[in-house]
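Data block below; observations after.
We just call them A, B, C and D in the order they show up, numbering each chain from 1.
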Amino acid sequence: MPEPLLSVRDLVVEFPTRRGVLRALDKVSFDIAEGEVLGMVGESGAGKSLTGAAIIGLLEPPGRIAGGEIWLRGERIDNLAREKMRRIRGRRIGMVFQDPLTSLNPLYTVAEQLTETIRTHIDVSEKEARKRAIALLDRVGIPAASRRIDDYPHHFSGGMRQRVVIALALAAEPELVIADEPTTALDVSVQAQIIDVLKEICAERGASVMLITHDMGVIAETADRVAVLYAGRLAEIGPVRDVIQAAEHPYTVGLMGSIPTLTQTADRLTQIPGAMPRLNAIPTGCAFNPRCTRVMDRCRIDRPELAARPGGRQVSCWLYDTAMEAADG
Amino acid sequence: MTDSTPEDRPNALVRAWDSDIAWSFRRSPLAIIAALVSLIIILAAVFAPWLAPHDPFDPGTLNLMDGFTPPMEPNAFTGNVYWLGTDNQGRDVFSTILYGARISLFVGFMAVLFAMVLGITLGLIAGYRGGWLDSLLMRVADVQLTFPSILLALLIFGVARGFIPPAYREAMAIWVLIVAIGLSDWVQYARVVRGATMVEKSKEYVQAARVIGAHPTKILVRHILPNVMGPVLVIATIGLALAIIAEATLSFLGVGVPPTQPSLGTLIRIGQGFLFSGEWWILLFPSLTLLALALSVNLLGDWLRDALNPRLR
Amino acid sequence: MIAFILRRLVQSVIVMLTVALVAFSLFRFVGDPIASMVGQETTLAERAELREALGLNDPFIVQFWSFVARAATGDFGISYRLQQPVMELILSRLPATLELALVSGILAFLFGVGFGVYTALRRGNWLSGSIMTISLIGVSLPTFLIGVLLIWVFAVELQWLPSFGRGDTVYIGDWWRTGLLTESGRASLILPAITLGLYQMTLIMRLVRAEMLEVLRTDYIKFARARGLSNRAVHFGHALKNTLVPVITITGLQMGSIIAFSIITETVFQWPGVGALFIRSVQFVDVPVMAAYLMLIALVFVVINLVVDLLYYAVDPRLRVDRANARH
Amino acid sequence: MTTKRLLRSARTGLVMSTAAAALMLTTVAVDAETLRWARVGDALTMDPHSQNEGPTHTLNHHIYETLVGRAVDGALTPRLATDWGISDDDETVWVFTIREGVKFHDGSDMTVEDVVFSLDRARTTPSGMAALHAAVEEVTAVDDTTVHVRMSGPAPLYVQNLTNTFIMSKAWAEANGVETAPNFAAGEEAYSVRNTNGTGPYMLVERDPEVRTVLQVFEDHWDAAPEVTEIIYTPISEAATRVAALLSGEVDIVQDVPVQDIARLEQTDGIRVVRGPENRNIFFSYDMASDSLASSNAEGNPFASPEVREAMSLVIDRNAIQQVVMRGESQPSAAPLPPFVNGWTEEMHAFGDPDLARAQELMAEAGYGDGFSVQLDCPNDRYLNDEAICQALVGMLARIGVSVDLNAQTRSLHFPLIENWETDFYLLGWGVPTFDSQYVFDFLVHSREGSYGAFNGSRYSNPELDAKIEALATMTDLEERDALIAEIWDEVMEERIFLNVHNQVLAYAMRDDINLDVHPENQPRMTTVTFD
């Protein structure tokens, strides 16, 4: 098996607060292979964005990585010196944020922001950087890129701005792009275009993508594999087709109830009664147990670990405990 | 209130003690010291008549010959001893500071109250009515904001002098001062309240209230004021410190309370004349008191601002 | 752009007229100018005569109108006290005040921004905590006391710096007398500039810190970090520039305050500027000077507001959207 | 334009050089010939006749000269007049013999024509000096050295009025359009406000009102050359700053020394303080005539009661005010006139110890046993420690139940209250430039009518006394006149129109190698300065 591009092992992210330490990510492990698109889904507050922030090293204090490891192409990056990590950001891991309206500094032209990013990471002349920037804008689908490059962000529409943001994230040709809900803030009409642009350009450059979203439709269309987060824990991970068609974790099953409409988001899981627990009130055992339709006694006591399943899938649920299955069988 | 069971009270106390604000307070030594210092000065000022060994505002009890007694030393003529010495009128500096702080705090609190009431009222009106009235009020606020407060106070004093008959000027001086200082500080309250009002007024319950004929302003007040309490409290705290300093500054310009009933600022203005003459205590002690008071109130305001702004926590 | 400036100018004229009316009417109540104009021997009849000659008995509106009409041509009459044309008097004092205000303003701005940025970036370390606390002393003591204490320490005890006045001055052009070009002029400027600038510095510092913290939390800063930009580029290229937009506005508006507070600083340091002139004029009820001073302050505000608007315009491209849209 | 430029650059050069010396601070002993002189306020104008005001005269005395001067002891001395007297032929004519060989600063000779012109200018409105020359009918030059001043009647003391009336050049005044004193209402600046051409020992070389004035010695002056060859005159309004400037060596003489700093300055190395009585007394007065007081809660007018006035005089502790408020720097006195002035007596001056019991008795007798309230109006920037004196009185009066609201404010607000009869109770200081009691009577005692009683804030009006006061003006028999003055004073003291506090004592602080005496009218002459 080839070495994965990104490997996250038992990642723990904690927030110390005055009422004790909150564990926002609890032993999250997953890999992203070269050229792969990994979707990451979950309700708001499940820890999707935190995972992205932890990988790129931009957790906001007082949040901190309290355990686990993050490897990028065989190099451990979660404990790098600040300056070394900075060199990885943008150059090897790019990031696209949710809201294109606020992601761009309003006081600088697109050209200034692009060339600044390019020249931070690649030793090229101002002129060359500008040339690359124009090409990049052209590639992400900005019409008349050579003219519009000198416009300020507010001159662009939301969709166009997100294209600019994608161009910026890809400006230094990173190997991995973390896209944190790249379409949520956009008009429905342009969402698909943006996803297409992102997917195409990454594929073209061989960059892997970690696509964070709560839009199952996007995942279904775009991702190779999908990871499902619940209350800071990975519930299930596996190839998109398999997970969608035959979800194993009861939570995922509920989540997939929203798929048929495609446009519906997973924000409101009317299918599953109750709400995701707050971080300071995660029940013992399986975090999902109070809402689970198939809850067992054990779920309330022991926490299920992520366990391998056939077809490259992994699930953390006692339903699939090998010992149990063996006992059942 | 009246029907609360006895158990409710400790609960409320526990809740208050447990609240984020209290927690942040307990964790900030600076805030604790500042609060202690302000509290001590405020209490000392409030209870000045009981705490002060002398009543410096009762001229009949003063003995001029007690003047310029150094701290803790007997007076050359009368043999009287005063903790912090006496000033040029034979007033006990310690007592005068307590009574002076009383005046300063009174002016400060009343000026803040005046600014607050004016600002909140105008903010509500501007935010609720909108339209030309809003534009007008906000233009006035803009101009007001650029117009230096001390000039404004000087002008108000000028006008007041024209309208108040000479016989009442002295008695009215403190109120004129309060209005002058308060009037230069209402804009901030107005802006905060206006913003909150504009948000609230579009909400359904206000519309609903309108439909059923209830006076929406009542509802607005009930809903908006709790929302803006935080920022208003911060503005008011900082405003209190500013008002106390403004009063001191104005007394230097000859606009202020009568010297027979001096505020801290007036005491400093008077004490300043003794900087080179050797009677350092007349200047030092009132200045230290004012510094301690204004600094601790400012620090409290600072802390409050950070504590009430969850995004900065 | 032109429409914008025109609109501004119309507003300015209205503001100026209002200030003129306010100033003029207020000063009718400040005191009796005759009393300070004449000696103790002047008879009541002579006083009445002078009052009549000065037009002080005319109806209010007549006095106001003649005031505005003449003010529009820069004629504010002659000072009752110094018997000099008010305009000339003010122009001769203005450079002193402007130099003081400008130097204090620049000092306040530089130190305010510097400290503000530092305390925002190094939140929680002891030095920024100390800066925050110590800076509060600047706003917790009245300006006049700070001035007097500075004189005591630096002029009387240490004898490092002059205690009063402007030192040597030289003329630039026909009427601008500057103290910036001589050593004693610069030495004389230090204490008053500190006294005057301390308060503003604290304000600016706090504002910069608050704005900076706010900006540092924005998405575009996060995005800039995510692109691997250096801390330097993020803090000073991106965060600071965005912070400066509101800071410039407030600092600009504070210039008005600086000029007003120079009344106190100038009095303490016997600085020969318009502030000292104004407060002396108030004492002597020199109405023409007082009125002209207020008009001048109003004018300064109007100009500052305009400059701030234009600066805003230069710093924040979003405001230029009007023009761009207008072309489409 | 070129001349203007040249002048300006010359001026700049001068500023540079003089101030360069000032810059040395204490490191280098200042050039013995330059004197840096600071006081609280500036001269209002350089015009010799425009303002009858102390600081204005003080500065102008260095540039212009008067016919007669006043010595430190109050005696008249020859100046531009070498001799003067009432004509033997006509008792209404004053004869002045004018000094010869006197030159103006522009090089022209001073003539009797200039004297006549100057006296005429001084007595014509809008001159501020006109009131002092109200009795003059005509001024004529009799010959090259003699000038006659014809009065409307006998005026034995007229010469006393001349000590501040300066002589200026007629030709210069005509050339510059300042034939009359500047008029406030004229709306433009008169040339003479910032330019001078006198005969005095110093020439004006730089005039920046309220900032700095530079005088240089006039080489062609008729009198002996003074030791001080250059004067840099700087007003410093803040007391602390003024003292600081002296302590730091930035000025050589401070004229208005705050009383509390005198002792400290005397102990400071390198600084000496000289002091002397000023021709100015400080007193309280009150509305004695109105039916009731605007600011009082009392029935009727308590000040109308002689018992109340006596009680107040018994409760004021002048010695305590002198010792504490004035730091010993005053002459406590019950006499409402300075001791130099003709008419002053030891008897008027004397006062007993405060007698609280008797005062309380008197209050009860007057029907005010429970006291009353009243507002005291007080200036806070005119006299030495004026506000503190008022404050002290507030304390003393409280002991007889008089509850006083103190309204202390700037002079421009205070004095109109007296002039317009808007105050019930006030503080006033009075200087007597003529050194004669008549001046006091005219302004403070005579009923307010015509040119009389402008500062009679007590509303006191006594026709008999008025007649006596008016008679004083024309009496030539000085003994008889002095007797009448004593008679008037007896009445005034009896009525207790004034509650006098003290006479002011002046103190000048200076570098300790400078010698300068205190001038009773607070008009020090730098020509009299000598250096050790």
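Everything that follows uses one rule, which is that contacts are C-beta pairs under 8 Å (C-beta built on N, C-alpha and C of every residue); 3 or more make two chains touch, one makes a residue touch a chain.
Since the structure is predicted, the reported quantities are computational estimates derived from the model, not experimental observations.
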Would you mind checking which chain's C-alpha centre is most distant from the centre of chain A?
D
Per-chain Cα centroid nearest the overall protein Cα centroid belongs to chain C
Using the average of all C-alpha atoms in each chain as its centre, how far is it in Å between chain A and chain C?
53
Cα centre of chain B to Cα centre of chain D, whole Å, reads 44
Computed distance of Cα centres, chain D from chain C, in Å
38
Listed in rising order, chain A residues that touch 2 or more other chains are none
Residues of chain B that touch two or more other chains sit at 161, 254, 272, 275-276
Quick check on chain D: which residues sit in contact with 2+ other chains?
240, 244, 247, 381, 410, 413
Which stretch or stretches of chain C touch chain A in the complex?
218-220, 222-231, 233, 237-238, 241-242, 245, 315-318, 321, 324
Chain B partner, complex, touching residues on chain D are 239-240, 243-244, 247, 258, 260-261, 263-265, 294-295, 317, 320-321, 323-325, 375, 377, 380-381, 387-388, 391-392, 394-399, 404-410, 413, 417, 422-424
In the complex, the residues of chain B that touch chain D are 58-62, 64-65, 67-68, 77, 88-90, 161, 165-167, 169-171, 254, 258-260, 272-279
The answer for chain A against chain C in the complex is residues 56, 58, 86-91, 94-95, 97-99, 102-109, 116-117, 120-121, 152, 154-155, 165, 168-169, 171-172
Along chain C, where are the residues that touch chain B in the complex?
15, 22-23, 26-31, 129, 132-133, 136-137, 139-145, 148, 152, 156, 213, 217, 253, 256-257, 259-261, 263-264, 267, 279, 282-283, 294, 297, 301, 304-305
